[in-house]
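Letters A, B, C, D and E name the chains as they come in the text, with residue numbers starting at 1 for each one.
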């Protein structure tokens, strides 16, 4: 108990100091509310608009979640294909690298025209794409980078390729999948906001932030930003929790391997 | 390219400066010769286009130089809020729509409207004939496009006036930067400026006929006609500096005068202004820019009280709408009435006097728009 | 009939390429049922390669291998042998028990039978209380013991072991050696055992096969005559020291102990 | 005056916590200048811990350590010793030469002097043609030889070595043992040497310190009297075998060889 | 042929194959796909295949060869290339700032555990702050700052936003790398009585390089994203972000045009990725090759 308290102390102290400085800066430099609001004002706004923020977070969060799930499923499926057929990997890998290097969100403008702007599909597709590549790269690595000794062992048992897949490759890839999820969870949330940037239904966090900023409602905008941070954090925490329940000692395995 | 050639015609400088001296004694010292022009930064709301032609014309025609000003015109962006740039001191003057600027003022930005350039609202809601949307009351149950970024208040005002709840009775959709959503039928009616997006529709090909869309294919709801038009492009200045800094005030007068003279030039030379804007690097096509020039002129001219002057009825209506209209979040633009210091007629009055002395027609009573043919893609 | 019979075996890696390696050249060896044979020699002399060839994990370049009267491949498919590798090669995501049960699972044993056997094996390697631990919670030596348990689990008639005791400390090692000998004695298991340690080879084996590298070949086979292996005092008997000396000399005679060569070790 | 003097030394890890480990209890030992002392004992008996304490890489829980007449800390700061660890611990990004030069760099030696010394060391460990190779291009045994060269490079008066020959094959190991002995004889270096191998301990040492675990303590010190260590035939002499037997018995007497304990190995 | 050259040639060839493959897929869909989109399993997942939504590949390619505007001579490929080059420079500056800040933070966190525990959670949170909320702030602050007597150039705001996205992966990756140094190696340095800085430069940093390479790759693409978003957001002229938004406005009448800019952004991303790959080759030259 005591040690847990001590572990929590530095972040709390840092946070308090940071917000105190912020609050003080606003007071001392007399920063106007259109420019930067004090944390206390932002908190007021957050408390007053909880239901609105929750509504908006639900919309963006749903987009992020749907994209996250779809991207994960597609990424896992594709990485299975890649590990099975080398030639496919040779063709897809350079594309994946190239696509990964593009600021993918510029595709939103294009996707919005390919689908209806009133639909959430383009946004979800965007998230799907981003997640897909993260999952693909990691899981494919996990499926192929198995210890040669283990493969040799399975062959000494005269195990068929399907048994090697089930008993060696898949379990070996599980921690990689979770690493990918930990990276993609916040990425999915951010992508969901950025996708709102190019138009569409005006009910998500991203569009609320822009419209409040445009209307000089700085504190309200930052209250939504706070909502955005909490949503991102929630996604991140959930992915960590899922990992620790799904793979006992999973984190340890990865860190052990990287050493 | 914003800071480029600010006028090379120094021929008639002397006359202009002589006039300035007569009206404003603070600049008496600069009377003889313009040795070091005052640097001025103007923040636009958006990218370079004919919507801002007057300022570019003033720059190009040397009107600013005549006033011994060296004006840098700063482009806007999606998230650049011009009045905030002004309040932060990053620029000296900014263009902004009145309701948005008043919201900033309420949030602590000390800015003052010194010239109301656009006398009318140019916002439309455009839809295809088959949707039968001829007034705001017809919005009910429809997908209504808007741009967000604070440009949507007239829609809310019209909805409110028609007895509709923006959060329930319509589906609001943020448009992209193009009109594709309207053409594709994703939205029933799109927000459009007379001078820009409306033209974009008319520049697109109708796949059914193989020809460009015609005005006859469209229904147009004009918010000005609906009685909910809010004041748009105005020149804003720093309130604190106006109050304390005489030199700034003098600069403001000269700047407004030269800018309005630029607008007068564009009224009479629409094609030339189009060329100036295109030369400045606008990426929009030439026929589109000419259309825009013409439509913008219609929003400015004729100006009964003189270009840039304040019509208190329009001002009060704008302020009232801004206090009453609720947006999606149930908030109004303003929570209380703007104070009297939100605009001042002093500057524009002196500027108009300058122009009158210069023989400029500041009312444009005889203004008549030209006919513009749009080409495909605005080219 | 010999359990393992290798004749004129050669293995060349990357044949015809720039990095061609003659790992084994013209190796012949015959191992009787119930015999314990150790392979010893400097790093890179082809001990592991020979073991892998017998296990049909590699195909020979030339020569014949007969295991339990069948082709090497058939005997792999029939699961006639158990193998322990130089590296423990445990599965991180399986508990110790589950690791030991793996070969049994693949053979299609049912659950209760598997569990009984794995408990028995854990007792043997003295790790009963670690049944539900994960490999990464064990020390290197303990991991290696689990790997040995796994190799023994199916009671295979032939054991192929590649330096299985390398990571163990001296005392544990001696215990494991004694256990291995008693198992073999009880079940008549044939063992081919790779080691770097001369005393270990001598203590365990009926015959010690001494190899030399570049190219890998057999230079000498030392017969060890220590009747009654399992005796605690064996290691202090003069015959034991005599055999050690014989193997050391054979190793020294085979010359090249690769001080300067790039003896790529595969661990 | 003794080079290393340890009195009533105890080391308890995680004191006061649930996972408290008494690694060493009340250990006293005195090592004379020029002496070669080996530490032997089952895994987890505190050999590495004792070496680390002498090197001042750990602080003792109680007791005194005097090295070269100074406190352990002072003698670390003065770089009075060279250390070779259980793992080679070479830096992947430095060539073999650069790895050997590392301690010299940190001592501020100039370039030419460093180069001369590293060449000399490479000759000693018989790896002169690998000077510009990177560690990962070397076999495990070769890497360990580089680590030994690094430990010897500064010609420290005291050498602390933790199973330095573990990864070497038998023949290379014998060569390195001979080299180490001749260096020590020539320079009068004092050595504290940890090993798992009884023959190695006996072959190298003046005294073999036998330790037992839980808690780690010294159970016996065996004096070895093999005058003239460097002889090639030493290993075949009866005195050699006699000393081996003595150490084995001391080890067995100390009993607990930790089959079932959680012998966390630190490698 | 040099194996490195051969690998590069093979990679490029495969890349071209992949591109052709994608282009063929695109055109194939245009033939079979529904004009106005459609549903699959009840979800409206099929995109519209009409030419406003999906222009023909050759239309997009030929658009590069035609002038940007009727009134100008400049062919679009030159404009896009110039835009990509402009944004590349901003991204490089952002990447440099982000990397520097990230490494500095990592060193600080590696040195003082308290800083790590206090700061790291907030670094994670900082990345979920949408750029759109920050862009106006940075632009305003920048407008007030003077750097060494020079006025804060407007483009620097874009670079700073790029840096804001880029610093995070670098900080986390480097921190992980710095603390990944083998405990045995750390003990070795201790036994040499090496100071913290000596250990940092001789051991921790070299040991961190393998962790920094993937972090830098992420940082490179993040800095591009930051810069492009900032260009859109602040209306900075000259870069690819600005072109995208300008061309997007014209998508109504000239749908192929916006694709030219999107591909320009891809090129930009590839250039940055290539840069990091070159660094990777260079820095990992003497490291063991990853076994596969």
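Methods note: a residue touches a chain if its C-beta (ideal position, glycine included) is under 8 Å from a C-beta of that chain, and two chains touch if they have at least 3 such contacts.
What you see is a predicted model; the values in this text were computed from it and never measured.
Trainee: Please report the smallest number of touch steps linking chain B to chain D.
Mentor: 2
Trainee: Which chains are shared contacts of chain C and chain E?
Mentor: Both chain C and chain E are touched by A, D, going by the contact rule given at the top.
Trainee: Using the touch definition from the top, list the chains contacting both chain A and chain E.
Mentor: B
Trainee: Measuring centre to centre with C-alpha atoms, which chain is farthest from chain D?
Mentor: Farthest chain from chain D, going by C-alpha centroids: B.
Trainee: As a quick test, compute the distance in whole Å between the mean CA positions of chain B and chain E.
Mentor: Centre separation, chain B to chain E: 36 Å.
Trainee: Distance from the CA centroid of chain A to that of chain C, rounded to the nearest Å?
Mentor: 48
Trainee: Centroid from C-alpha atoms only, then distance chain D to chain E, rounded to Å. What do you get?
Mentor: 50
Trainee: Cα centroid separation between chain C and chain D, in whole Å?
Mentor: Comparing mean C-alpha positions, chain D is 30 Å from chain C.
Trainee: If you look at chain E, which of its residues touch at least two other chains?
Mentor: Counting only residues that touch two or more other chains, chain E contributes 48, 52-53, 132, 136, 140, 182, 232, 248, 251, 255.
Trainee: Residues of chain D touching 2+ other chains?
Mentor: none
Trainee: Return the residues of chain A touching two or more other chains; collapse runs of consecutive numbers into ranges.
Mentor: In chain A, 35, 109, 113, 116, 197-198, 210, 213 touch at least two other chains.
Trainee: Looking only at which chains touch which, which shape fits best: line, ring, star, complete or other?
Mentor: It is other, because the touches fit no line, ring, star or complete pattern.
Trainee: Can you name every pair of chains that touch?
Mentor: Those chain pairs satisfying the definition are A-B, A-C, A-E, B-E, C-D, D-E.
Trainee: Would you mind writing out the residues of chain B in touch with chain A in their complex?
Mentor: Within the complex, chain B contacts chain A at residues 78-79, 81, 83-84, 87-88, 100, 103-104, 106-109, 143, 146, 148-150, 152, 171-178, 180-181, 184, 186-187, 327-329, 331, 333.
Trainee: Would you pull the chain C residues touching chain D in the complex into a rising list?
Mentor: Those residues of chain C that touch chain D are 40, 42-44, 126-129, 139-142, 167, 169-172, 175, 196-199, 235-236, 241, 245, 248, 251-252, 257-260, 262-265, 267.
Trainee: List the residues on chain A that touch chain E in their complex, please.
Mentor: 7, 10-11, 13-15, 18, 35-36, 90-95, 97-103, 105-107, 109-111, 113-116, 119, 121, 144-145, 148, 186, 189-190, 193-194, 197-198, 205-206, 209-210, 213, 221-222, 225, 228-229, 231-233, 236, 258-259
Trainee: Which residues of chain E touch chain B once you look at their complex with the stated criterion?
Mentor: Per the touch definition, chain E meets chain B at residues 36, 48, 50, 52-53, 68-71, 132, 135-136, 139-140, 143-144, 231-237, 245-255.
Trainee: Which of the residues in chain A come into contact with chain C in the complex?
Mentor: 147, 149-150, 152-153, 155-159, 163, 167-168, 171-172, 174, 247-249, 252-253, 256
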